[in-house]
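As structure tokens, the structure follows; a few thoughts come after it.
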Amino acid sequence: MMENAWLIPIFPLVAFLVLLLVGGRLRERGAYIGIIFTLASFMLSLLTLMERFSAPTYKKTLEWLTLGGTQLTAGFEINQLNALMLVIVSLVSLLVQIYSLGYMKGEGRFSTFYAYLGFFTFAMLGLVMAPNLVQLYFFWELVGVGSFLLIGFYFYKQEAKAAAKKAFIMTRIGDVGLLIGIILLFWETGSFEYGEIFQAVQSGVISDGSLTLIAILIFVGAVGKSGQFPLHTWLPDAMEGPTPVSALIHAATMVAAGVYLVATMFPLFLASEAAMQAVAITGGFTAIFAASIASVQKDVKRVLAYSTISQLGFMMLALGTAGYVAGVFHLMTHAFFKALLFLAAGSVIHAIHTQDIERMGGLWARLKWTGPLFLVGTLAISGFPLLSGFFSKDEILMAAWTNGNYFLFILAVITSFLTAFYMFRLFFMIFAGESRRQAKQVKESPAIMLLPMLVLGVLAVISGYIQTPWFGTFLGEWLVEGNETVLGAAHSEGPAWVMILAVSVALAGILLAYMKYARTKLPREGLVKENSTLYRVLENKYYMDEIYYFTIVQMIKGISLFLSYMERFIIGGLISTVTGSIEGMGKIGSKLQSGQVQQYGMIAFLGLAVLLVIFALTGGYLR
Amino acid sequence: MSVSGELIAFFGLALVAILGGVLLITLTKVVHMVIALVFTFLSIAGIYLLLSAEFVAIVQILIYSGAITIVMLFGIMLTKHRENDEPAKGGWQRFFLLLAIAGFAVAVYLGIYNLDIPVQPTALHEENTKQIGIELFSKYVIPFEVMSVLLLVALVGAIVLAKKDDEEGDRS
Amino acid sequence: MIKDLLHSAPSLLNFGIYFGLAVLLLFVVLGFVTYGILSERKIMGFMQLRIGPNQIGGKWGLLQTVADVLKLLIKEDTIPKKADRPLYILAPVIAFAPAFMVLATLPFTDAFQFADIGVGLLYYVAISGISTIGIVTAGWASNNKYSLIGGMRAAAQMISYEIPLVMSLVGIVLLTGSLNLNDIVAAQEKVWFIFLQPIAFIIFMIASVAELNRVPFDLPEAESELVAGYHVEYSGFRWAFFMLSEYVYMFAMATLTTVLFLGGWNSIPFLDFIPQAIWFGLKFSAVFYILVWIRVTFPRLRADQLMEFGWKVLLPVALANIFLTAIIKEIVNLF
Amino acid sequence: MLGLAKGLSYTLKNLTRKKVTYDYPNEPLPLPDRFRGIQKFYPEKCIVCNQCVTICPTDCIQLTGKKHPDPSKKGKIIDTYDINFEICILCDLCTEVCPTEAIVMTNQFELAEYSRDHLFKNLEWLDENDENIRKVNKV
Amino acid sequence: MTGVPLSAYLVLALVLFCIGLYGALTKRNAVIVLISIELMLNAANINLVAFSKLGVTPSITGQVFSLFTITIAAAEAAVGLAILMSLYRNRKTVNVDEMDIMKH
Amino acid sequence: MLRTEEMLLNVGPQHPSTHGVFRLVIKIDGEIIKEATPVIGYLHRGTEKLAENLQYTQIIPYTDRLDYLAAMTNNYVLCHAVETMMAIEVPDRAEYLRVIAMELGRVASHLVWWGTYLLDIGATSPFLYAFREREMIVNLLTELSGARLTFNYMRVGGVKWDAPEGWIEKVAEFVPYMREQLAGYHELVTGNEIFVNRVKGVGIYTKEEALQYSLSGANLRCTGVKWDLRKNEPYSIYDRFTFDVPTREEGDAFSRYHCRMEEIEESLKILEQAVVQFPEGPILAKVPKIIKVPKGEAFVRIESPRGEIGCYIASEGKKEPYRLKFRRPSFYNLQILPKLLEGENMANLITILGAIDIVLGEVDG
């Protein structure tokens, strides 16, 4: 089955092409094409994963270009990590597509939407399967294009347009780093293949300095895609896209690409202590930073977006503290429960047509299915015991503790608390209390939307059990199999109180949120006063956008202004002098030009005739 | 050189060809000029026949008289203009040109004058078409294909050129 | 016999014989035109429940066309004042001369043919193209809007349909391996090409009707639209020249159809005691009859439909036929 | 293609059908009795009542009467009677109003002449024109 | 075989070429200029075919190349005329001496 | 196609396809018609003015010459108008004779249209086939009235002649014969792809346009308006027959073709019934010799093969009408022509003009 794995990304591509060609005629039926092809892709991924359990890494490449001594190849590789990723991506994509059947009902460009989804899925799957950096970069950019199209799907909305542009440009900034990193890496190792690169790294061919530089540059790419501080601002804005898109891109796939990149290049990072540190600190900071913003946001999707940023920071933190397994594990569980949360949020939005949580409330009774599912997701993300988030988060905390970086550990604990708090704030604001809106017409979403949520809900509950301290660390063992030396232990052993701490912190967060927003025992603005400076800072996301505006944008404007004056007066003057003189000479010359081809021909022929006559007379060929 | 049928035919055809050419220059009406040139083209086809190139001769008639002339006539009829075509250039310009052409002709003629290549027996007239076909599809197959591409490009180009203005006209 | 003459040295005698034969052919053709027109009128009459010409030359109107021709010859020769006089006079000649030139290569029987040139098929196509110039010239020289439109339509139509016409014949050329009409006839000794190339035959028939400017492709002279098309200003013997060339072409085209698709002078098996000339005549008459039959039945196409039909239907089908023939030929060669 | 083939078969079927045209100049056309051809005039029947002149929509009839030569008889007799066939439309009204049926229609319809003057028919001509007169009017 | 000498064909071609050249350089009407160029091409073709039979090494190549030339001539006529049509539409003239946009 | 200069082209007044002396000045750009201006009046004979100096009986032969392909209808409309004003009861037998004659005329008129239309499109044979059948109708009407075209058959208060002996039987025989031939016409023409391609989708107008331009007859019915005066405002004895009013929805030339062909069948149905019901009795009502119409005015309209023909009489009680006016359907139907032709292909000109079915005698009056 693994040798046929190349078909996995091909299916969505075919769906995309078919929809592109005949989508206009198919209209709503186009969705089924997308779903069927994605289903095929998912089934194949599942089979591949099954086979991968027992078989070794499979790699197949074709050479397509030879440059000097270097051969560029294209192909695919199935190792543990990407086999897992394939399943996650195709599953989430499939569920999102099914969900969209209900969510996007009545949308005019139905087939276009599915075409874009297919395209994005293709790009993401291709990215995951890439066996070398060139191919990875290629799909990396395609993912960017796909997300651009999807975020800007409502292109007639000014905000959506801006958000799409922003997402594209911000991630591009990261991509430039990645590209430079790849080029440097090629410069140093002479190869784009992962295997060869890792070998070169381990054999110590590359100096420490450049290794760190390369690793950090590559990490910059990951920062861009995964929305880590300071390139995170595009992610909340990207919520302008349709909610299923948010679930797909901003929960499970695209943003995870950054984490995936770091995970894939893990041996490289391991080789550089400084890079690891940078990853860990960036992740940790982002986690708490985003969590604090999320605590005050009022837009349900934005809360989730900041939550995503925060969770991604968590993963980065895990990776940076050598918790390879922990990071990947959390990536997986997060994909499920965050997708669930987004879909549930979408379902809520679908039901009451607003995204403002202040205007929601009391929906528990009305949304009989969405409510519990949302609760499951919330519990999972908060690290409530025995749910998937509990295990993966626990793993991260363990990793941080084991690594010995206590500062980061504390950051992570605080973030855990905040996570539980803001998530339950969200939950209670939406579902508890009184209806703050005439909720008469509130209707539960159709079954077609509930079904994917249900699947995700089940997964959010059970997916944690493949890596638990009690039932065995199946995932970790499998992931590091054959690479134990590089990727580290399958499971970080830590003191038991870590787990207890995590649970109690989460429970504390839940309790606080309950008091504030469900019972309203405590004043709502208890923690942070609504008009306090901190609140405003948080509400405005630490003024990041404004900072960017005043620093980078203004600086560039200043430089541009300066350059434009330079251009206009100094260079322009120079050029106009030159052109002026040439023009003057040309004007004199153009007097000779009548513009009449015949005259030119005549003159040319006259010349030829004269030459020929001279030649003949002087005895050229006559002899 | 004895007088043979071939010679008579050659002179007859050459006369018609040159006459057609001269008429092209001396006539005043554009359509007349084109019709005059038809005769030149036809007699050139005859010349080809004398040179045992019957396929080329037929193609000459097919393309020149059958297609190009008609296309030219179309061009004339579709573009309304003065029927007469008086020479554009001033007298002295034409004088210089004539002089140059005369010089050119003399120079080339001097080259041709003593050209003496021994006549060799050829088998060109036997299955002429087949020979051309074999040559065309073996040795010159790439030029042949290139030629087909060229024709296609010319076709597309001509259509685009002739059509483009319609849309512009609609816009304005 | 004629072939020997063609290759012998030029002498006055040979020239005389040749000239005599040419005159003979001229009279044969003129005879055909005379009675071809009559039979067309008769067939049309019968199909339209009329009797047709029956006044001059007895019950069958045998001298009707002769009388018509005589009338045309003695009719006043009018040249419009505003017409382009030299071209107006020249046009019928240009249109008419090639009609006779094409007859030179057509083999009527294996003995009766004037010039057996290697590219006979192409010769026909090339020479018949010259007539178009005559027609365009006539349309232009008349200085009449109807005739100008008719002339332009004629040129467009004849150029357009020449292409499928030639393309339909490529299949035959592929099967025969020769452009020589004699070889083509010889290749049909066993099976006529109408059975081997039915698609080509249909295309050829359609395209030839279009080349002949006959119903349903008679747009250049559509009397209900363009009054009479390119010869609206012509009268008398100049008009007769156009008519004559039209019918000579009809003669030539029917001959060519016979030669290319119906096996020329070849007899059908067991009936070869009948002379070749009669076989040829029979097949020729059948083709001629079909041409008339079509004329009686069909309405006329519209100009744009005509062009569309030629370029979008006939040409692709003809090209497909070439491919099909080539593939089949290769397959047959394999075994 | 089916439509074309149907048409071809229709014309082919007609090839052998009986022809429907008349062999006109050789055989006279079969015309019904009521056919309205050139008038026949009976001068002896005319009583010069002028009704035909009055009813004629195109004023193509001109007549003059004179005293009856026999003074014992009253009334008039016809002197001249002209019909101008340049303008006569053969509408049959004159025969309809004629009280004595002095003017009647014939089956004669061949009016072609080389000169317009010949279309002016007078009393004598109309009197002599007595072929194919309607049965009902036959004397 | 006493045939027509090569030089006779060459001279004929020369004369036609000169006529075509004169026409191409002096005539005002663009159609005539185009057709004069066709005449020049024809003259060159005569040379090709003549050398193909009467040259130093007679071969069919000359004829093949003359076929190529004819093809190009056909393409030239089509494109040339199309240019002419579009020029005519824009400038309402077919006179070459009024076609001097290149000047400006 | 390539575009050329705009060109002014005179179609007619002597052109084979304008069916008379009709002139159409068209401005064409290449093959596209930019503007079309019909010029009429070459055949104007001043019938209406002439009628002011004629007695009513004398006007009847003039009406023959309006729509010379269906003269019976014209006769009828005048007589009907006079009878309406004088309140004359027309005998039954006369009415039956009138209806039979009119319906025969309708069939003949449509046959001529069919033949000439196909001739316009380039098929020669249908013309002759159509005239074969028309000849039989003309012979029937000649036997009845004495003329082939200008019947002058009807009189105020009845008809001129009774049916000759055996005539009714001949009409009865004609009906099945005509049906058989009609099937042949369909075989020859209706399914012919070339014909269908030329007329389908050509010269389309909508129901609203048709009504705005005051079209009538098959030209109106082809857009889906079920309007036939024989059904909608039954005159004469049309309410005694069962027949249909054929309509189409498309409004193109092909639908007009179908309407007319089906109208022939409907006329045959009427003929079939009329022949069976044919009563005995007088053929002329009691009418004074000199007809004087009482003072007043009247307008009557009936369905002619080409549409609604109307007759308006204003009388001062004299022998002659004070004013006589005919609403001539061809004249009204022609008005839509410039609109239909604008932007059309040159080659469709004849197809469109022919499908309107004008008779110049009627257009020019």
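As written, the chains take the letters A, B, C, D, E and F, and residue 1 is the first residue of each chain.
Quick note on the criterion: contacts are C-beta pairs under 8 Å (C-beta built on N, C-alpha and C of every residue); 3 or more make two chains touch, one makes a residue touch a chain.
Here the structure is a predicted model, which is why all the values come from computation and not from measurement.
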In contact with subunit C and with subunit D at once: which chains are those? Just list them. F
Chains partitioned by contact, subunit B not counted: A, E | C, D, F
From the centre of subunit B, which chain's CA centre is farthest? D
Identify the chain pair joined by the greatest number of C-beta pairs in contact. B-E
Chain at maximum distance from subunit A, centres defined as averaged CA atoms: D
Per the C-alpha means, the centres of subunit B and subunit E lie apart by a whole-Å value of 5
Quick one: report the Å distance separating subunit A from subunit B, using the average Cα coordinate of each chain. 67
What's the distance between the Cα centroids of subunit E and subunit F, rounded to whole Å? 63
Per the C-alpha means, the centres of subunit A and subunit C lie apart by a whole-Å value of 74
Residue numbers of subunit C (touch at least two other chains): 47-50, 296-298
Quick check: what residues of subunit F touch more than one other chain, meaning two or more? 2-3, 125, 129, 132, 188-189, 192, 194-195
Mind pulling the subunit A residues that touch 2 or more other chains? 598, 602, 605
Touching residues of subunit A toward subunit E in the complex: what are they? 590, 593-598, 601-602, 605
For subunit D, which residues count as touching subunit F in their complex? 1-4, 6-7, 9-11, 14, 20, 31-36, 55-57, 89-93, 96, 105
In their complex, what parts of subunit C are in touch with subunit D? 43, 46-51, 54, 293-294, 296-298
Residues on subunit C engaged by subunit F in the complex (per definition of touch): 44, 47-50, 145-146, 149, 215-216, 218-219, 222-225, 227, 295-305
Which of the residues in subunit F end up touching subunit C in this complex? 1, 7, 9, 15-17, 31, 118-125, 128-129, 132, 188-189, 192, 194-195, 197-198, 345-351
